[in-house]
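Labels run A, B, C and D following the written order; every chain starts at residue 1.
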Amino acid sequence: MIPSRKGEESVEIASVGQALRTGYNATIVFTLVIMVLIALSIYLTVRGVLKPKIRRLPGIDAIDEAIGRATELRRPVHFCMGQSGISGSVALAALAVLRYTARKCAEMKSRLIFSFAAASVNTVAADLIKQAYIEGNYPEGYRPEDIRWLSERQFAYSAGVLGLVLREKPAANLFFGFFMGEALLFAESGYRVGAIQIAGTTMSIVVPFFVVSCDYTLISEEMIIAGTYISQEPHQLGTIQAQDYMRLIGLTILGIGCVLTPLGIKFLYDILGV
Amino acid sequence: MEIGETLSILVASAMTLALMSYLWRENTVYRIFEHAFIGAAAGWGAISTAQVTWTNYLEPSLKTSWLWYLTIPVGLMYLFFFSKKYFWLYRYPIALSIGSGLGVSFFRTMKTSFIEQLRGLMIIKDWQGVLLVVGTITALFYFYATREHTGPFRYVSETGTWFLMIGFGAQVGTAVMARISLFIARANFLLSEPAYYMIPVALVLLAIGVYRDYRKKLIETQVL
Amino acid sequence: MATETAGTRKSVWDRLQDIDPKIIYGIMLIAVFLPLIRPLGVPIGNINPEVTNLYNYLNSLPAGSIIVHDCEISPIYMAECYPCFVAFLNEHVQRSFKVIMFTQDTTALPAIEKGITEVYGKTKDHPNYGKTFVNLGFLPGSTLGLNAFAADNLFPVLDAYGNKLADMQFFKEMADKSARSWRLVVGYGSGGVGYLVQQITDVYPNCKTSSGTAAVAIPSHYAYYPNKIIGFLGGLTGAAQFEYLIGKPGIAIAGMDAQSLASLAIAVLIVVGNVAYFAARRTKAVRGG
Amino acid sequence: MSLMFKRYVPWGILVAMTSMVAADTIIVQTDLNNMIKSATTALSIIGSFAVMVSVILLTRSHAGKIRKNKLAVESWTLLGCMWVMIIYGLYRFIFAGVRPIAEPTIQYIFNAIVAPGDSTVYALLYFVIASACYRAFRAKNMRSLILLIVGIVFIIGRAPIGQLLYVGMPDLANWILNVPGAAMVKALLLAEVISSFALNIRVLLGQERGWMGRGD
């Protein structure tokens, strides 16, 4: 028991008798229901009872087309993961898209250059790409020197990516991961060498810059959906299924509420705020 | 204005102009000043956090009960981050901080950013309220993953895209506004007394740099 | 994609698109320095509704109401948020409100000192310090620390200068030493103020939220505006309009001409860039390139 | 047995901490609230030790650079500025009792190096965004066309000059923020709450172990 600091009068609570803080009853019930729903949905998917089918995003077709074009023009494909590390949903999705891209490059006998900023990504990405090249039966295509750790600092690493793109002249630029202001520098670099650019990030401040400068952009959560579509990993499939259930509940409550409340039946509006 | 203050303003304006030299090209002056500010910022963060934590929290608490001494070893467990063998001890303080962070916003995020949002949308005063609800529902549906967006759903998702794009247009507009204000503040500072003395110095250095680049390019072309 | 294949002669449109970035940097330098050296005098124009709503809400508060500032004004946000902070403090002095200031980012501590000195003249040895305004300095523990401070205002025990909070007249006069007696909490920085609505306004309903935010976070305010966030100052433009409303023109208004010219320059750059892009594509199509 | 202390006990601490603090946010009960208040003070103290990790990481990586190349001026500058700030700051506080915020020399260093450094590097984005606006922002499809048109209306509308060009421009910009802009922000907020809540549940269930870092 951590001792409370003596010599300090406790805050006199206006209504000590009432145990629950006002306005949170509906929230507590709703949160507990959602918790059970998420846990159950993941459990059932892992057990194979639930088989969620994730829709194929147009962004993934764009990746296939970009790698095909790179192979025709005999120019490399450049994949950049930005400042993202190796943990968290954004990193997992970015690594899944990287595995997919490396596998496609191996199958089409195309060269892949991978650049990143967070040092922790180095070992994880290296053996992920090597594995993909072996599976795509083009093991001799894997070149360790094409895995480029540029720098931990935002401006230094973005200057590094700019230089790399101008020198190597890739036919396809793929940006999947965590980006900040430097997204603008990359948009310009791809334009100068005439590369197809596909991007995906969850930072809503950065997404618009990718939308206006790239050929295709996966917006916020679409990137995580794409990662799960590729990896087909049971836990992630269960999570996406749970998220869609929660989205459905939210949309239904909103739909009913927006029909009833303007008509004066404020039952749902009041009970949610109790 | 004392000597110390004038000196610090002159160094600050030299710092600003050196970092602006990045626009010409990335050069050693830029890299040195950038490393100086990363080091100084880390140093400032360390001493001000340590001083405030000691003065305002640790010292007064130690006076009340000896149990507070336990916080020091638990805090030092962060250092196991650097050990190969005992790395897992680093997870104890991390578990405390992540757990408390998760707990404090567990119910409050659900209330403020989910339920209150839905309740707020239910109050529809005029056609703009209807448009707001339609926009939110369609934009939220755009992220629906476990169902193909075909048939009627394609139109719902397409409308959602329109609302997202208009919103992102506003995002680009405000981002541009923000960047302009950032540079206006730097320009104001450079034009203020005594900072503007450094501007001629920077222009001279720039001229020398550009001239040296030009001469190097000339030599290269003649050599080829 | 304007791919440079050796065969096609570069049309004027291709050359227009590939001008050296340093020319654009030159244009943008002039667009800011020119109006600062020789102001154009563009009128400030009408006041945005969110600034007027904030002003009206503050006018509706009685003298002595408590306003709390969570000053996340690190050097990056000095340009946009510091003018808002100074405008807020000037208004609070005019309306004789009681003010508490703190931050959860150590690099923002100098900004608080600078703001207090600029508006009140002195910090801890000001006659009203501890009576009408208090600077708590750095409050650690991020959201958890903020939550504990809102529940019990004596949680930080000492202020930024080592004085005990319990001995201050400011807190002695507070009947309920929690966020229930606050009327407004103001946030800064560019992360949006959702966390203040979550931890303060929804838990203590009579304390509304506002902000002197960086412009990049303006859209995110509209998730809670106008019922939870009653109004806010959006970037330098918001600060300039508020300075105009309270009749104390400052650094924000001075920057407005440069803001206008630079905005116009960037808008023109986007249009010219796209015109050149589509014209280049058409000439290539016509030339069968 | 060792897996118990390496993985399950830290996970147990996380779950216990989450439930206690979450209970405190919804239950109004003096003993619980006071206990969590003391726990907050303890966690603030423990949390401040994390600063040491970042200082040591920076020192190790730049000391490595110096070992490789004696003349790494940048690394010497970084380590010099950092350790001068720390040692001088601690010395002045421990022996003279002067706080870093009130110590004149440290304030000069902060105002001379940290403040201009941070704000100038971000101000450079002004030039980068202008160049990107001209050379990379292209209306290639319907999506980017809408985005660019609204962006231009916004860039001019929110600046004082907007009113001179077209009287209705500021009102149009405000309407965009209030209705379509608000719809986007609310939808993204709901989507973000849904995905972060699902991730939090996976952390609490022990399935998401990214926070544990490397090792088993």
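To be clear about the criterion, contacts are C-beta pairs under 8 Å (C-beta built on N, C-alpha and C of every residue); 3 or more make two chains touch, one makes a residue touch a chain.
The model shown is predicted, which means the values in this text are computed figures rather than measured ones.
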| item | value |
| --- | --- |
| Intersection of the contact lists for chain A and chain D | B, C |
| Most remote chain, CA-based centroid, reference being chain B | A |
| Best-connected chain pair, where connection means C-beta pairs in contact | B-D |
| Distance between chain centroids, defined by C-alpha means - chain A, chain B (Å) | 19 |
| Separation of chain B from chain C, taking each centre as the mean of its C-alpha atoms, in whole Å | 14 |
| For chain A paired with chain C, centre-to-centre distance based on mean C-alpha positions, whole Å | 29 |
| Between chain B and chain D, centroid-to-centroid distance (C-alpha), Å | 5 |
| Interface hub residues of chain C, defined as touching at least two other chains | 25, 28, 32, 76, 78-79, 107, 109, 137, 140, 142, 144, 147, 151-152, 194, 202-203, 215-216, 218-219, 223, 234, 237, 259, 262-263, 266 |
| Contacts with 2+ other chains: residues of chain A | 2-3, 5, 11, 21, 23-24, 27-28, 34, 155, 191, 204-205, 208-209, 211-212, 220-221, 243, 247, 250 |
| In chain D, residues with contacts to at least two other chains | 21, 25-26, 33, 37, 39-44, 47-48, 101, 110-111, 114-119, 121-127, 129, 131, 133, 135, 137-139, 143, 147-148, 151-152, 155, 158-159, 177-178, 181-182, 184-186, 188-192, 194, 197, 211, 213-214 |
| Graph class of chain-chain contacts, one of line, ring, star, complete, other | complete |
| Residue numbers on chain D that touch chain B, as the complex places them | 5-7, 9-11, 13-22, 24-26, 39-56, 58, 60, 73-75, 77-86, 89-90, 93, 99-101, 104-106, 108-127, 129, 133, 143, 146-155, 157-159, 173, 176-194, 196-197, 200, 203-204, 211-215 |
| Chain C to chain B touching residues, read off their complex | 22, 25, 28, 32-33, 36-37, 76, 78-80, 106-107, 109, 137-138, 140, 142-144, 147, 156-158, 162, 190, 194-195, 197-199, 202-203, 214-219, 223-224, 227-228, 234-237, 251, 254-255, 258-259, 262-263, 266 |
| Footprint of chain D on chain C - complex, ascending | 17, 21, 24-25, 27-28, 32, 42-46, 48-49, 74-76, 78-79, 107, 109-110, 113, 137, 140-142, 144-145, 147-148, 151-152, 155, 160, 194, 203, 215, 218-220, 222-223, 225, 234, 237, 256-257, 259-267, 269-274, 277 |
| Chain A to chain B touching residues, read off their complex | 2-3, 5-7, 23-24, 26-28, 30-31, 34, 52-55, 153, 155-156, 159, 204-205, 207-209, 211-212, 219-222, 225, 228, 240-241, 243-244, 247, 250-251, 253-255, 257-258, 261-262, 268-269, 272-273 |
| Residues of chain B touching chain A in the complex | 22, 26, 31, 34, 38, 60-61, 64-65, 67-68, 106-107, 110-111, 114-116, 118-119, 121-124, 133, 136-137, 140-149, 164-165, 168-169, 171-172, 175 |
